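What follows is a set of notes on a single structure, which appears directly below.
Should a chain be cited, it is by its letter among A, B, C, D, E and F, assigned in written order, with residues numbered from 1 in that chain.
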Amino acid sequence: MKVTVSRKAHFNAAHRLYRKDWSMEKNDQVFGKCNNPNFHGHNYELIVSVTGQINPETGYLIDIKDLVDIIYEEVELKFDHKNLNLDVPEFQELNPTAENIVVVIWNKIRKKIPSEMDLEITLYETPRNFVTYKGE
Amino acid sequence: MKVTVSRKAHFNAAHRLYRKDWSMEKNDQVFGKCNNPNFHGHNYELIVSVTGQINPETGYLIDIKDLVDIIYEEVELKFDHKNLNLDVPEFQELNPTAENIVVVIWNKIRKKIPSEMDLEITLYETPRNFVTYKGE
Amino acid sequence: MKVTVSRKAHFNAAHRLYRKDWSMEKNDQVFGKCNNPNFHGHNYELIVSVTGQINPETGYLIDIKDLVDIIYEEVELKFDHKNLNLDVPEFQELNPTAENIVVVIWNKIRKKIPSEMDLEITLYETPRNFVTYKGE
Amino acid sequence: MKVTVSRKAHFNAAHRLYRKDWSMEKNDQVFGKCNNPNFHGHNYELIVSVTGQINPETGYLIDIKDLVDIIYEEVELKFDHKNLNLDVPEFQELNPTAENIVVVIWNKIRKKIPSEMDLEITLYETPRNFVTYKGE
Amino acid sequence: MKVTVSRKAHFNAAHRLYRKDWSMEKNDQVFGKCNNPNFHGHNYELIVSVTGQINPETGYLIDIKDLVDIIYEEVELKFDHKNLNLDVPEFQELNPTAENIVVVIWNKIRKKIPSEMDLEITLYETPRNFVTYKGE
Amino acid sequence: MKVTVSRKAHFNAAHRLYRKDWSMEKNDQVFGKCNNPNFHGHNYELIVSVTGQINPETGYLIDIKDLVDIIYEEVELKFDHKNLNLDVPEFQELNPTAENIVVVIWNKIRKKIPSEMDLEITLYETPRNFVTYKGE
């Protein structure tokens, strides 16, 4: 019996959308007010979903406490109360759009999840804008 | 890297569930209080989800402002503060059930989304009743 | 010990904002798209809050089942899946703005709540617009 | 045209996570504070999603009132205000983890849904922990 | 300038509503299915609101981390994953209705909040039933 | 009949909590990770509540469109996608804690609301932390 177990988490961060190799005009044209050089920020909400077989001995797919710890170490500790552009190495050269952030988070958590389980991540940048990645 | 970008929107509308070619009795039997001839209404919530490859140049799948504009022109402008049965041409002969509304909205938005991207729409008729269509 | 016990409920209804004694132009000017002659509608959410002393024998202020029944009889049965302008006697001559609806509901529920308790009603017309009345 | 119709429901219940054939120490080690011998509890939220073809005559996939009745009879009547371990036969020998509960609910509802329709159930144990099962 | 700072928290617990000095029949009549001798349970959500003057030096009324710690020590540590009737001394002789629980929590937190600040607590037993107490 | 009309709005912003006249050590001690020199950010949610007499002619306390415009001009236009410390004049010398932000917003909106109406503002910094100010 294959189930999906999901855990919600969150982190607060500042970011700016722009490319260093583009002019301010081009960045403004493409990224609009998200290109504020002084940054803006979000309460990011995260849903981490793991899919696999239920362990018949425990009735668990995965111990939710282990999932909470993985999210804390890989995401909250690194991203919470940070400036994504300046404080997080993965975004030194990568534009921190919601699309790119969700892929980075997926790669970080993927390493910690047993390989026989599938992983899907949804990232809410605002309550009305969100992005999902499943490693495909 | 294939991601899904989702945007929530909403519109308020009146509707009535019934078939013109059925008797009032049969309509009452099938559609119950939704067949009130004076109409009732809902705050419809909409989630529009687009799936495709991230553009490596911008880090976007699709500019969310473009998605907001498409939803405004195709859905909010046509459906918001309207009577679906009387004011919206698509429901002149089509019963505005949540199932039929979500298919109509999908067809309207599908024309505006690049053909290489997939589209899925979820429509909440109430916070507890919702319908999803992905064009299959 | 004085506590406030609150219960959430909801109803779906159609309405139109206008005055019969005003021209269409004036109604449009004041009520905008809410003046659609074919009506529009909402999922109204309701919070009914009763304040008074805890009964030391039961530990209840009021049996929540009684409150549920009062809301059902006074509000849901009369307003749910209705056209407020056409089906609800209170709005035959009263414009069904959120402000007027919440006062009408307060008056209907007030009669059923013990007189030593205070009553406050909040009505959500949409998730972002709501109105509160406490009988003052 | 294949759509998915979803309905949210809820029930409140007590439970304890443990195996009778394990020592208290081993149960504590695996299930932590969820192994409280005096039980703890949750407001379980349930999303029941049915997928199939829209009936062109009614515009319905399934009458939502029928779905409400099925959920009431199979889930709410049996689980609401119960102790899952002591009051619900399915969990006499089965550990009531969210994973096992969602499978039990799926099996109970599956019998009542037309065989040509697909069924997926999501169970929220808390607003931040949830599990999905689709019978695979 | 007097502001109110609020913090949401939560705990999961089992309980049973009944009086030891009443017969099973009388308890059933008054407390209905909440009188299940095997208990049921809830995800209780808590809003702790503190009112007072902003400290002009820090711009804080109270450090939210201090409020988080107080809620953890006084409420979460004592109530989370517990059986309120059996595990929590305050309810040995007091019926754990939402009304009584909110008063107990208010008294526990009141001792830790500076006396010049006001305190109000709201306790959600379910998303639709909640109780507020402000010490009056 | 005195009612309260409320409108929800939101803005996304970066900020840093610190005092220029304190050492980095003291700022770290008091403001912790909120003192990140590179800033962090939030999706701020705002509830603007206006209290007064219903206008018997229109059934409105205040036209919600006017309230939407006031919030747009006074708050969204000035704060959305900004760095509160660097881009917003009011916080050049004032620490942008939630407490100080809500007072600043109250003062800006107060000027635009008719003087016979009361005003209360609630600002959510995160879904679990929020602050209310009513000008007292």
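Methods note: contacts are C-beta pairs under 8 Å (C-beta built on N, C-alpha and C of every residue); 3 or more make two chains touch, one makes a residue touch a chain.
Because the structure is predicted, anything quoted here is derived from the model rather than measured.
Peer 1: Counting hops between chains that touch, how far apart are subunit C and subunit E?
Peer 2: 1
Peer 1: Determine, among C-E, A-F or D-E, the equivalent of interface C-F; equivalence here requires over half of the contact pairs to be the same by residue number.
Peer 2: When the contact pairs of C-F are compared with those in C-E, A-F or D-E, C-E matches.
Peer 1: Interface check for copies subunit A and subunit F. Shared numbers divided by all numbers used: above half gives same, below half gives different; which is it?
Peer 2: Comparing the two copies, subunit A and subunit F contact each other through largely the same residue numbers, since over half are shared.
Peer 1: So what angle, to the nearest 5 degrees, turns subunit A so that its CA atoms land on those of subunit D?
Peer 2: Copies differ by a rotation of 120 degrees.
Peer 1: Go ahead and note the Å separation of the Cα centroids belonging to subunit B and subunit F.
Peer 2: 34
Peer 1: Take the average of all CA coordinates in subunit B, do the same for subunit D, and state the distance between these two points in whole angstrom.
Peer 2: 29
Peer 1: Quick check: how many Å separate the C-alpha centres of subunit A and subunit C?
Peer 2: Roughly 41 Å separates the two chain centres.
Peer 1: Going through subunit D residue by residue, note those that touch at least 2 other chains and give them in order.
Peer 2: Residues 127 of subunit D each touch two or more of the other chains.
Peer 1: Chain pairs that touch, all of them, please.
Peer 2: Taking the chains two at a time, the touching pairs are A-B, A-D, A-F, B-C, B-D, C-E, C-F, D-E, E-F.
Peer 1: Under the definition above, what is the set of subunit E residues touching subunit C in their complex?
Peer 2: It comes out as residues 17, 19, 30-32, 94-100, 102-103, 127-133, 136.
Peer 1: State the interface residues of subunit E toward subunit D in the complex, per the touch definition above.
Peer 2: Contacts found on subunit E: 10, 12-15, 33-34, 36, 38-43, 80-83, 86-87, 126-127.
Peer 1: Could you pull out which subunit F residues touch subunit C in their complex?
Peer 2: Spelled out, the residues of subunit F in touch with subunit C are 1-9, 49, 54, 57-61, 63-65.
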